[in-house]
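In this document, chain identifiers A, B, C and D correspond to the written order of the chains, with residue numbering beginning at 1 in each.
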Amino acid sequence: MTKTIVKQEKTQIEKIEKSSFFKETMQRMVKGAGAKVGVALLAVIVISCLLADYIAPFSPTEMDFTALFAKPNARHIFGTDGMGRDIFSRILYGGRYSLALGLSASLLGTAVGIIIGSIAGYFGKKVETVIMRVMDIWSSIPTLLLSILIATALGEGFFNTILALAVGEVPVCVRLIRGQILKERCKEYLEAAESINCPKAVIMFQHLLPNVISPVIVHMTMGIGSTITMAATLSYIGLGVKPPTPEWGALLSDARAHILNYPHLIMFPGFVIALTVLAINLIGDGLRDALDPKLRS
Amino acid sequence: MDNTFLSVKDLEVIYTSGKKIVRAVNGVSFSLQRGETLALVGETGAGKTSIAKAIMRILPNPPGKIVGGVVELEGENLLEKSEAEMLEIRGERIAMIFQDPMTALNPLMTVGDQIVEGLRLHNDLTFAEAKKRAEEMLEQVGIPAVRFVEYPFEFSGGMRQRVVIAMALACNPDLLLADEPTTALDVTIQAQVLNLIKSLRQKYGTSMILISHDLGVVAQTCDSVAIVYAGQIMEYGTKRHVFKNPCHPYTRGLFNSLPSMNSDSDRLKPIEGTLPDPTNLPDGCPFHPRCPRATQECKIGVIEPVKVEPGHICRCIHAGAEKSVEDSKRIHSGEV
Amino acid sequence: MKKRFVSLLLALCLILTLAACGGSKGKPTGDSSEPPANESPSPVQEVTPPPVDTARRTTADTDERYPKVVIGLNSDPQNLSPFDPNAASKPYIFFEFYECLFDLENNEYIPVMAESFEHIDDLHTQVKIYDYIYDHAGNHITADDVVFSYQTLLDSGFAIKYSAFADIKKVDDYTVEFTWNYPLDSVGVLEFPWCRTFIFSQKAYEEGNFATNPVGTGPYKVTHFTSGSKVVLEAVDNYWQKDESKISDRHKAKVQTIEYTINTEAAQHVIALKSGAIDFSQVVPDENLKDFEGNEDFSIYVTPASRTFFMTPNVEGAFTSDINFRKAVFYAIDNEALATATGGTVAAKALGSGFFSDYQKSWEDEKTYINTYDPELAKELLKQTSYNGETIMILTSNAELHKNIATVVQNFLTNVGINSDLTLVEPAQLGNYTTQEGWDLFIHDLGGGSQLGAWNRVFNRDEFANGKAFGFIYDDTLQNLYKDALKVANYGPESITELHNYVLENAYATTLVCGKLNMVYNSDIANIFLREGAYLLPGSCDYYLD
Amino acid sequence: MAEYILKRCLALIIIVFATAFIIFTILYFTPGDPARALLGASASDAEVAAMNEALGVNRPYLVQLGDFFYDTFIRFDFGESWVYGRPVYEELAARLPRTVLIGLSAMVLNLFFGLLLGIFAGTHGSKWQDSLTMAIAMVFISCPDFWVALMMIVLFSLKLGWLPPYGIGGPEYYIMPIICASLGGIAVNARQTRSSILEVYREDYITTARSKGQRESVVVRRHMLPNALMPIITTIGTGFSRIVAGSAVIETVFSIPGVGTYMLSAINGRDYPAVRASVLFFAVFTCIVMLVVDLMYAFVDPRIKAQYSRVRRAKVQ
């Protein structure tokens, strides 16, 4: 009789392990209507940008001088810009840059933030105060200014822009992680891990991080949205990616002089940016609800 | 039934989440004499708290909804009362104590203010009079009056539960609903709190419904007991009936899972299986999937409560004579 | 959950409406005809302003002043001290309230504060100034003030193009003597020393801060300056030059108040014009010009500007050292299409802009790589070079017009099989890159007092630290041709054409487009007066008074 | 409370010193030089070199650093802006009111409408009101603010002609810039308020309050809001730095001469004194706002306030 009970318990435990943390979050997340719309929207946008070579009717830099400032018509769905380039194709090709920019800048910023944050959170005392003071300094300089200075110092280009955008993310992320770790630090499982003297790095990244990571993931997804808008703002003041890269921000800043007579130049890129950021925020919301421990029980 | 103080008939409560409907309470009926204490006993999730909140009509209204039954307090049906009238009743005639003292008090208001709030809602006292009355209540629950101005975080768990009790009994209610008041406390504090509740009840003659899953606490404080399972009362009777002669298999299962002092059996016998899914309750007796004595009849139709002896009913077809006390003892000693 | 889904669809159409309302609202109010979808708008070359309606009374006839005019500028003057008069939007404003000894008109020095001048010998010149000059604060201007003005400019470091100037000293109360480093035999050498150096009183300069409230001697004085937003000038009642005959057209005061408002967005200028917030703007985008055609409240005046976009090859570059490659590149570019694509510019037909007096129309008659677009020829020339697909580097600034021109040039080069990459630097730092290695083609714009003056920063190797002309050219013939053309003695069509043709033979540079002034102004302004053909002098324009 | 403020002010000074050092170093290593920016493209290289010498840009790093620290922190002389030709603090003082006006009023709008929308959505949890407000908030977070600004200009000044398109003057010039600056913030605040209210909605002390027979409106006002708004206070700080970052763009579109545009033109023109001064201004201003926010937090949250008063009270008893 006892053997059967033990067997029964084991199968139950195995079942739990199989549905890992990630799969479970995904299942719960997709349940929410908002997240469904978000995922669908983002999927459409990302796929169409990746397949730009096949979908886009024209190459992004091809100039058709007979059709300058053409209004949206059969041949050019979104119309053309001042140099006869097809807006629809430029948005598709541009999407790669904007999304890559937004994603990598957020990832870079968050990754650096996590590392510094966990060090500050876990080691505490002197290390923590020093790091937190540095973060105060870092966040006291306005993000846009920091990006401008970095972009000016390093000059134009894709990777410099990523660095310039990621710089703003770090202090916020560090503060978030440290706050979370403070909550977790008093929990017993950390003392248990220390008691069997497993190395500090393992404690930090295997035990501590998974419990602390969910608000950071949510913050990061929200961050992607604002990073894309920030990339657009950087291009707007002439510091973003260098032409002829059709990054969305560049499209907007080129179009602003013609907003009166050729509104389609600014309308479509603005609209697509809004949609993408909306989709990302919806996913962020879905993630937050899915990862929220209170909702989990 | 002349001085029946509270009578609940066929109370039904449901919660809606998304498309699914959770049937928390499915036709509960019981009555309470003035000054009497009734215990609602059952596993967590059996619907005990929903019954209490339904009585006071403070179910969180987007998900929870009372869909049937009558709750008569001294003859007046509370379910038909308007919200304004309920405001008069809550705190004045019915009060409630909650399970986790750590979160039951507003962290940003002083303890005194939270008691005064209840007092001034139901009797027009000036702040000074209410303050004096609140300080008296604090003294009664064993807290020095001078701590009136302190905040909840400056109190221990036990002390906070005393404050909650003071707050509940401040307006001298007729009925006290205690939702597992001592679960979150350690044993020594638990005894003090129970004695405090008992002494205050005797002093003000307050009748009480105690919700608990701890049979020890029930035995120590209650007059009559109702065993609740999946939103229905399986067995109802005086403490003596239910403890001495448990006839419903679920009640017996509860008693069996208690470590008894005299028998030396090394393993406890838990009731197999888990609570049924409230969104699609099994037909017939909800306990039949886990019941060792389930037969075909148990699985179909509605199981009517059977009067086993005066004042002691049991909702089980096989509750009849043949399963006598010895049998339960045998199960008890673990030969089966 | 369904409700949440519905509301999210709502969010999507909310964005749509916001965008659409921006879009549809964008339709110009006028009933201007929409260009049919695929026919591209024809580039507006030149529009002459409407003739003055002699029937109406204008300020030309009387001394009465037009009350107020608001001018839209698209860059901030930032600093009103009397140095560096060519930066940002200073040239539009300074010449209303500051004055120099002379004015420059077609390479001649017209006396203003100076009564007369006399060359003592090759290296000395004496200038006599009027003895009744007073500035706005009532300070009497004497020779001491003139010397002080020059000395202050030299100390400030802003004294550019002062190679000829050696010294200045006072002769008597109203005469100063200039000493030169070399005989003044080249054209326009005194443009900066005599016509760009403002004279002000020492007392006023030392007591106040000219950066925000300057005290000049011009027909207007500055009454309000908020950097980045607004400058207000008021006409001076007791202008020092009482003798009407001596007041040249550039020093009139026909409007009482001039207000300059600053906004960098071209679209904002159009909105401000339409809503009446400003009376004049010269940065109206090409496509908006037709909004104002046929509208009697506005007049349009479009004229080429002095600014010309040059593309200079690096003669020491890997491929650009080969003349055939250079010619292939130049023939591959269609200036007409480039002008239409970048908007607000006119195709260049020769090595300069028709705006200048010393620009010869005859240059446009011969078929050169500037005025002919021949991709086939370009491909053949390319075959004679060692180029096969490597990427060359085009360098320019990230200013709007530079960026667009470079992008279109890049496209033209790709069409003939030349791969190129763009490097964009900050506009303010572009000048530094001329002597730095690494670029193959350099797109930059040049302005100046005259065509020859404009070429100074391209062909005169003395201008550059590395002793080579722009594009690392070290060619004595080019240097001598340039120096000879400058000589006053043989300054004329032949010498400048000889230089022009020599450059074209060696394909040392090409021009792409010339700037264009798209001026739209309130029809109350009868006629427009442009100093040196480019900078509006509101005080000298005529206004209808009825 | 006093020594908490003292500790923070000390930290402020350290932060200012550190920021000054960082900005100086970044500027020192930025390519390009001020003379070329000042003299323009037509100046010859010799003249540019002479000007750089005059500006003292070629002096060794440490000498310049020493000079800068000596001037700024001892003589409190921020130096003269090379581009504007007047002392930097004078220009900053002239431009400060405009940026502060837009910044602070945008923050007030943020807080007011953000909370209003958040509470409205939170208290009507998972009903259509909640989803609608969140949808609107989502829209405004997603649109880049200069795009919204341009759309508003087209709508209000061109089509309807109610407001002037740009520039400074009477209050009507500031309406659109303030709205644009606050839109993003309102959306963010609304979302945060909503989620924090939903969290507090589930707390036990809310049910306790109801069980005392308290009216729903009073439960919301006295029990729910104070607890829900606690975390919101901290987001005011981050909200502020978001507005300051946006000020440069808003000021460019509406051509309002504020500290944002001043900083932008200073960076482009390599006007080192102006860049250093305006960055220091932003850093100090942000730190002060952060300090005020923390004090507000401490003042409102009894747990922190009690720590200080207990120390005082312990002495008293």
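Methods note: a contact is a pair of C-beta atoms (placed from the backbone, for glycine too) under 8 Å apart; a residue touches a chain by one contact, two chains touch by 3 or more.
In this text, all values refer to a predicted model and were calculated from it rather than measured experimentally.
S.K.: Which chain has its C-alpha centre farthest away from the C-alpha centre of chain D?
M.R.: So the farthest one, by centre of C-alpha atoms, is B.
S.K.: Just curious, how far off is chain D from chain A if you go by their C-alpha centres, in Å?
M.R.: Distance between chain centres, rounded to whole Å: 23 Å.
S.K.: I'd like to verify one number: the distance from the centre of chain C to the centre of chain D, where each centre is the average of its C-alpha atoms, in whole angstrom.
M.R.: 38
S.K.: Taking the mean of the C-alpha atoms as each chain's centre, how many Å separate chain B from chain D?
M.R.: Chain centres of chain B and chain D, defined by C-alpha means, are spaced 54 Å apart.
S.K.: With centres defined as the mean C-alpha position, give me the chain B-chain C separation in Å.
M.R.: 89
S.K.: Could you pull out the residues of chain D that touch at least 2 other chains?
M.R.: In chain D, residues 31-32, 126-127, 134, 138-139, 142-143, 150, 154, 158, 252 touch at least two other chains, as defined above.
S.K.: Can you pull out the residues of chain C that are in contact with at least two other chains?
M.R.: Answer for chain C, listing residues that touch two or more other chains: 1, 4, 8, 11, 15, 19, 22, 25-26, 265, 267, 271, 425-426.
S.K.: So which chains end up touching which?
M.R.: A-C, A-D, B-D, C-D
S.K.: If we count contacts the way the header does, which residues on chain C are in touch with chain D in the complex?
M.R.: Within the complex, chain C touches chain D at residues 3-4, 6-8, 10-11, 14-15, 18-19, 21-22, 25-26, 29, 76, 78-81, 84, 86-87, 157-161, 209-212, 226-230, 261-265, 267-268, 271-272, 274-275, 277, 425-432, 435, 444-448, 457, 462-465.
S.K.: For the complex, give me every residue of chain B touching chain D.
M.R.: 53, 56, 58, 60, 62, 86-92, 95-96, 98, 100, 103-109, 117-118, 121-122, 151, 153-154, 164, 167-168
S.K.: For a test of understanding, state which residues of chain C touch chain A in their complex under the given definition.
M.R.: Those in contact with chain A are residues 1-2, 4-5, 8, 11-12, 15-16, 19-20, 22-28, 34-35, 37-41, 265-267, 270-271, 285, 287-288, 291, 337, 340-343, 398-400, 403-404, 406-408, 410-411, 414, 422-426.
S.K.: Note which residues of chain A are touching chain C in the complex, please.
M.R.: Within the complex, chain A contacts chain C at residues 32-34, 36-37, 61-63, 65-71, 73, 75, 82-84, 152, 155-156, 238-239, 242-244, 254, 256-264, 266-267, 270-271, 274-275, 278, 282.
S.K.: Taking the touch rule as given, give the residues of chain D at its contact with chain C in the complex, in rising order.
M.R.: For this pair, the touching residues of chain D are 31-33, 35-51, 54-55, 83-86, 91, 94-95, 126-128, 131-132, 134-136, 138-139, 142-143, 148, 150-151, 153-155, 157-159, 161, 164-168, 252-253, 255-257, 261-262, 265, 268-270.
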